[in-house]
Amino acid sequence: MPLYERILITGAAGRLGSELRKGLAPLAKTIRLAGRQQFTDLAPHEEAAVFDLADMEATIAATAGCDAIVHFGGAPNESPWQTILDSSIRGSYHIYEGARKHGARRVIYASSVHAIGYHEVEAHIGIDAPVRPDSLYGVSKNFVESLSRLYWDKFGIESVCLRIFSSFPEPADRRMLWSYLSFADCVRLVEASLTAPRVGHTISFGVSDNKVKTIDNSGANHLGFQPRDSSEPFRAKVEAAKPPVDPKAPSTKYLGGWFCDLSHPDDLK
Amino acid sequence: MPLYERILITGAAGRLGSELRKGLAPLAKTIRLAGRQQFTDLAPHEEAAVFDLADMEATIAATAGCDAIVHFGGAPNESPWQTILDSSIRGSYHIYEGARKHGARRVIYASSVHAIGYHEVEAHIGIDAPVRPDSLYGVSKNFVESLSRLYWDKFGIESVCLRIFSSFPEPADRRMLWSYLSFADCVRLVEASLTAPRVGHTISFGVSDNKVKTIDNSGANHLGFQPRDSSEPFRAKVEAAKPPVDPKAPSTKYLGGWFCDLSHPDDLK
Amino acid sequence: MPLYERILITGAAGRLGSELRKGLAPLAKTIRLAGRQQFTDLAPHEEAAVFDLADMEATIAATAGCDAIVHFGGAPNESPWQTILDSSIRGSYHIYEGARKHGARRVIYASSVHAIGYHEVEAHIGIDAPVRPDSLYGVSKNFVESLSRLYWDKFGIESVCLRIFSSFPEPADRRMLWSYLSFADCVRLVEASLTAPRVGHTISFGVSDNKVKTIDNSGANHLGFQPRDSSEPFRAKVEAAKPPVDPKAPSTKYLGGWFCDLSHPDDLK
Amino acid sequence: MPLYERILITGAAGRLGSELRKGLAPLAKTIRLAGRQQFTDLAPHEEAAVFDLADMEATIAATAGCDAIVHFGGAPNESPWQTILDSSIRGSYHIYEGARKHGARRVIYASSVHAIGYHEVEAHIGIDAPVRPDSLYGVSKNFVESLSRLYWDKFGIESVCLRIFSSFPEPADRRMLWSYLSFADCVRLVEASLTAPRVGHTISFGVSDNKVKTIDNSGANHLGFQPRDSSEPFRAKVEAAKPPVDPKAPSTKYLGGWFCDLSHPDDLK
Amino acid sequence: MPLYERILITGAAGRLGSELRKGLAPLAKTIRLAGRQQFTDLAPHEEAAVFDLADMEATIAATAGCDAIVHFGGAPNESPWQTILDSSIRGSYHIYEGARKHGARRVIYASSVHAIGYHEVEAHIGIDAPVRPDSLYGVSKNFVESLSRLYWDKFGIESVCLRIFSSFPEPADRRMLWSYLSFADCVRLVEASLTAPRVGHTISFGVSDNKVKTIDNSGANHLGFQPRDSSEPFRAKVEAAKPPVDPKAPSTKYLGGWFCDLSHPDDLK
Amino acid sequence: MPLYERILITGAAGRLGSELRKGLAPLAKTIRLAGRQQFTDLAPHEEAAVFDLADMEATIAATAGCDAIVHFGGAPNESPWQTILDSSIRGSYHIYEGARKHGARRVIYASSVHAIGYHEVEAHIGIDAPVRPDSLYGVSKNFVESLSRLYWDKFGIESVCLRIFSSFPEPADRRMLWSYLSFADCVRLVEASLTAPRVGHTISFGVSDNKVKTIDNSGANHLGFQPRDSSEPFRAKVEAAKPPVDPKAPSTKYLGGWFCDLSHPDDLK
């Protein structure tokens, strides 16, 4: 018997959402896929919910009947303020209000390395380090981390905020040799977050078992996440394609990488 | 010669803003008072800027020519989400954009104890403790603390986020025996924040030199703030008026006090 | 109106108990003095309870009607095991059972530096340092610190465990230049422990404001204890009478001083 | 040649004692089994010592000729005060006096998770966290941890205090998915404690290599204990038999589990 | 009767040495002044020792009969490697060998802020922070801090290493508003280091009680140093003479100030 | 294509240098071997540089054309001061000056456990623990750790300081059961230090994956070093040959082992 009755996955059409859609199937009787466009390939255990996160009423309605929410929707990258505000800040508030009003037990949220992107690589920060966002995108992640803490402390809704590092098909540069999170490990991380007996409010980093390690995730060991993949198989390819890095460059010095080099997104409009 | 050319004070008509208006006069040639209603009593060194923080264009315009901003505007208390969003989240973003576009050197922000209200009294947290907001109001404070960190790390604008505890004419209950910040000490704290040689991005608690101390503010000692007042003169009056507290009640256990007992502000609508 | 109805002081005939008897009078309508021998000089606000702490029934009975207990009774020094067991371990259990059965709100317990006597002077330990007793006496202090923690966490009885350093009429050797706690400061410490709005379970060191400081008591700042005395007025006298110490001797190296040199008390029988 | 001449095992007839009796055989020429009843199945390398731990003379006598003591005797569970006092507090004092008088080099003591049972699961405490017992049983564990520290610092007897979590044939509920210590791992832990080159005074947690981890045992890595078992093989069975837990219940929130729900043992008499 | 028989002061003709010569007079029967040139103004309680610290034999000889050494000699500033090597590294080794061979009890060494000059101002480092020298001068300070630790741990010679910040007649720039150590406080610091009952091996920062504080010296509180001076009386003068600083400049960001801007001293030859 | 153009290995004829000469071959087009005597067995990819580290000019010249330096030269053991000074202190300064003048990108330095040899085994120190050398040899290691920090912070030359524990063909005593670093793991450690994308200034312990662990190297996890060997295969042999240790002896208590028992090397002349 699955652990959950119905899991809502937001951002279900996205890069990671597509992986989760497959990987989380055993955990619930029904998976409700949320996105801004119709899903055309629903499996029997799936159902769709099409709406914009910026729409409070629709978002709250979409959470009805869900005892767990995997919230991977919202702006997937640094974006203009209005996008961040509508999709990530307002949208996430709507999700948490849905959880509160409809009694979801647990929310798994896709936070990001960019929530703490201005910490230095050698600092080996733990999950309790003060926030240091490297972008408006990162600021919005901090907002939801704070909001979800309130919803746990005051309203008893458990949350896991996953600070995902670099979850791509394969590492694309030398930084990803340590920041890589394989799709399979990403699914394992969400699965662990959904099945751990108690999570309260937990922040966890999300990286594979890469050889070079730059953070201390021991504070989240109660999730029971054990990565099985590594960037090593891709090392030779990456090192052949990418020159050694400048050790004094911000994109090398800080966890956030090239996000630290981005200018303000509203300056580009 | 004053340190600053022109200081913008938002929330200048408020309880603390009125005190700052007087107290900060020596620090700038001009004090620009911001509020939603006209100021009728401008002194020669003062000028007014009337606008709503939710208006991006007007807010940014109001920061022109200011080399320092004392941002005490926004929702002064727990409020419905739409108010928090417009006044405190969007409004503060507008202020920081103004600072960035018009070259303000330093922003002093009125954060609050409610940004970390769910920490226990005996934990004696320092300024680096993880956020634990006790209200949407507190969440919005965390948002600005995060945003201002980005504006320092990436754009070089210095900020001091002052987690003001209970700044009222006098302590109103037994909790305020330790959370009291006198108006005079509040002004001293802002003054220190404006005059310290370098603040980078600093978070500081704001309490007077009360006998009972519940936090560790040593991480902000580079501000040079030295409180001179205390709640002791009011102790007898408070103890006579208020019964001893229940040591197991949330409002006694946590720094945030009765904010921890508040229900969700949107449930009252 | 005093804060408490009736305070029980155990060890009331002892060196510190006699001071507390006077000093705490303003805090309760009635002070109940506990000792093994009759008190012959009761003031109108005082009453006596004569019993042996090793007698469970009598001890529990003596706590009836007391909303606070100041537990300074028990073996006052390193003693044979049977004495430690009866007076300090069993006796303290009886006190806490009395508190639980008769509803005392708060217990102030005379723990001791000897509970952590094997920590090094330069370590500047805080109140959370692991226990390192230097004697059976110290072990019994750890026992009560542990017991009182249980009675708070499970039964809601607040406790303050005061690790008193050297409370004598004046410093007797060079170590006491930093370990001295004047009688007046000792009374202030107990008074603060009784009047702080909330103490939960607190461990606090007890030393005066001596120039040389060897511990960090900031974790107990919520008691509001502010020592006013110092060993400085006695320095010249002590230095003239006592030669410089050997920096490598255990009695100099460790907080416990000459207790570290004591042999096992049962070997002397 | 075995490392020890003779190891005394107290509680040798108990659940864990029976396992140790087999597992530790290779470490000593002779294993002396201590219990309150005669052993009827002694192997050639075994000898029996029948006595009550509350009997000081008999207990000290039983330690003669032993260069190591594995002290697993005493009350095995929350018990009335008189039982805790006689078996666990007085009994353990007798064991340590035996060690001191007869020159045992090392004592391995069965402490318990209940010595720190009121710490929160997500706190991931290390071995140095302050004590927070969840029962009189836990208080007695703290007593022996303190006593053994004294016997190391002052008398040079090494001790390892093993805070055993849940050592049963298999995990019985969802909490044991993280608190499980297999019998084989328990034996490995005691073996490592006996064979590590130097232990001084060490406190170590005792859990298997379960997927969900709730503590940080790195401070005891000098024991060389490497668990090999896990609760995973039992997960499906446990999850099928036991419903999900309430994340806000004390028995879920704290390491001590259902011990936190127990009332005072003397109230049941 | 003075505490010491004879104190050797190296660098006695220097800026701070001249102050110490006067200030320490009450602490010893004889003050032996060491320098490279003859002293022409010896008081009755003074004697001279003229030698070069680079001369091992002469330096060791100069320590004979001294039970305390105040070692303020060596290169007073960033200097070419050969100077640092001869005066500060080799010279200090000679001093410690003298202490060891002639039985000095305690050495007070003039280390410097430049031993940890590359730590950030807002980090509020304690005395245990890892070394981060900002110059060859700072490296030589680390060398002596390490050497003196060995001489304590292995040879039992106590040392206090004073990381003096900016000890000048008055603050010369905005950084000195927090780094200022008055001459009188400097003497008090050395005096406390000489008179504290036990120092073992202690590292202490040396700053006056300035309003803006950038370090945490609590780990050295066992010295009993209490600064009485402050940079405040000089603030107006400094602020009038010096423009506000660039918050992102290395000389503002790091404790070492303008030393961080110095190029390699051997490049100037 | 190898990562480096040319790697200079100092001490290339030594015990570890010989291993590195073989193991690092794949990492550079050319390996330059430095020693005081001619190398008679150069492979085609090798070249020799014969000089004394005490000779500044020759040492600097030998670094020309090298983009990486593996500095394992200098006194290999506790030695008289003059040897330590010339080979280890002055010699290492010459190496770093060579790196600076000729533009080497990264230096890997053979520091030692003896840099922190007076820390206690049970303290489980991390890489940031304060220095506590156990010998002049250890002091010289601290000197280079400090010097290399300066060359990173000020001149941008990356360094890894490897605190090698006991790198011998096999463990020779019971301490080496935890301090053993196999030759193969030593090569892996240097290789990881040379190939990690960014090291800045990193201190790392060097031990194999021994069962008994006494340090916390997590702060160096960004090197990507994963030991594969262990002392376990040698345990039986060591335990048979060496008696159990005295737990109170300095050589057992401290990480530095028998170095803590060495007298001053200059006393033997």
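Per-chain numbering from 1; labels A, B, C, D, E and F assigned in written order.
Rule of thumb we're sticking to: a contact is a pair of C-beta atoms (placed from the backbone, for glycine too) under 8 Å apart; a residue touches a chain by one contact, two chains touch by 3 or more.
Computed from a predicted model, the values in this text were never measured in an experiment.
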{"item": "Chain labels contacting chain D and also chain F", "value": "A"}
{"item": "Fraction-based call for chain E against chain C, same above half, different below", "value": "different"}
{"item": "Which of A-D and E-F has more C-beta pairs touching across its chains", "value": "E-F"}
{"item": "Contact-pair overlap exceeding half with D-F, pair selected from E-F, A-F or A-B", "value": "A-F"}
{"item": "Superposition rotation for chain A onto chain F, Cα-based, multiple of 5°", "value": "120"}
{"item": "Rounded Å distance between chain D and chain E, as computed from the means of their C-alpha atoms", "value": "52"}
{"item": "Chain centre separation (chain C, chain D; CA means) in Å", "value": "31"}
{"item": "Centre-of-Cα separation between chain C and chain B, whole angstrom", "value": "41"}
{"item": "Overlap residues in chain D, where contacts from two or more other chains coincide", "value": "none"}
{"item": "Chains grouped in pairs wherever the two touch, ordered by label", "value": "A-B, A-D, A-F, B-C, B-E, C-D, C-E, D-F, E-F"}
{"item": "For the chain A and chain D complex, residues of the former touching the latter", "value": "1, 3, 105, 156, 158, 192, 196-200, 202, 218-219, 221-224, 226"}
{"item": "Complex contacts: residues of chain E adjacent to chain B", "value": "121-122, 124, 174-175, 177-178, 210-214, 216, 239-240, 244-245, 247-248, 252-253"}
{"item": "Chain E contact footprint on chain F (complex, rising order)", "value": "81, 85, 89-90, 93, 97, 100, 118, 128, 130-136, 138-139, 142-143, 145-147, 149-150, 153-155, 260, 264, 266"}
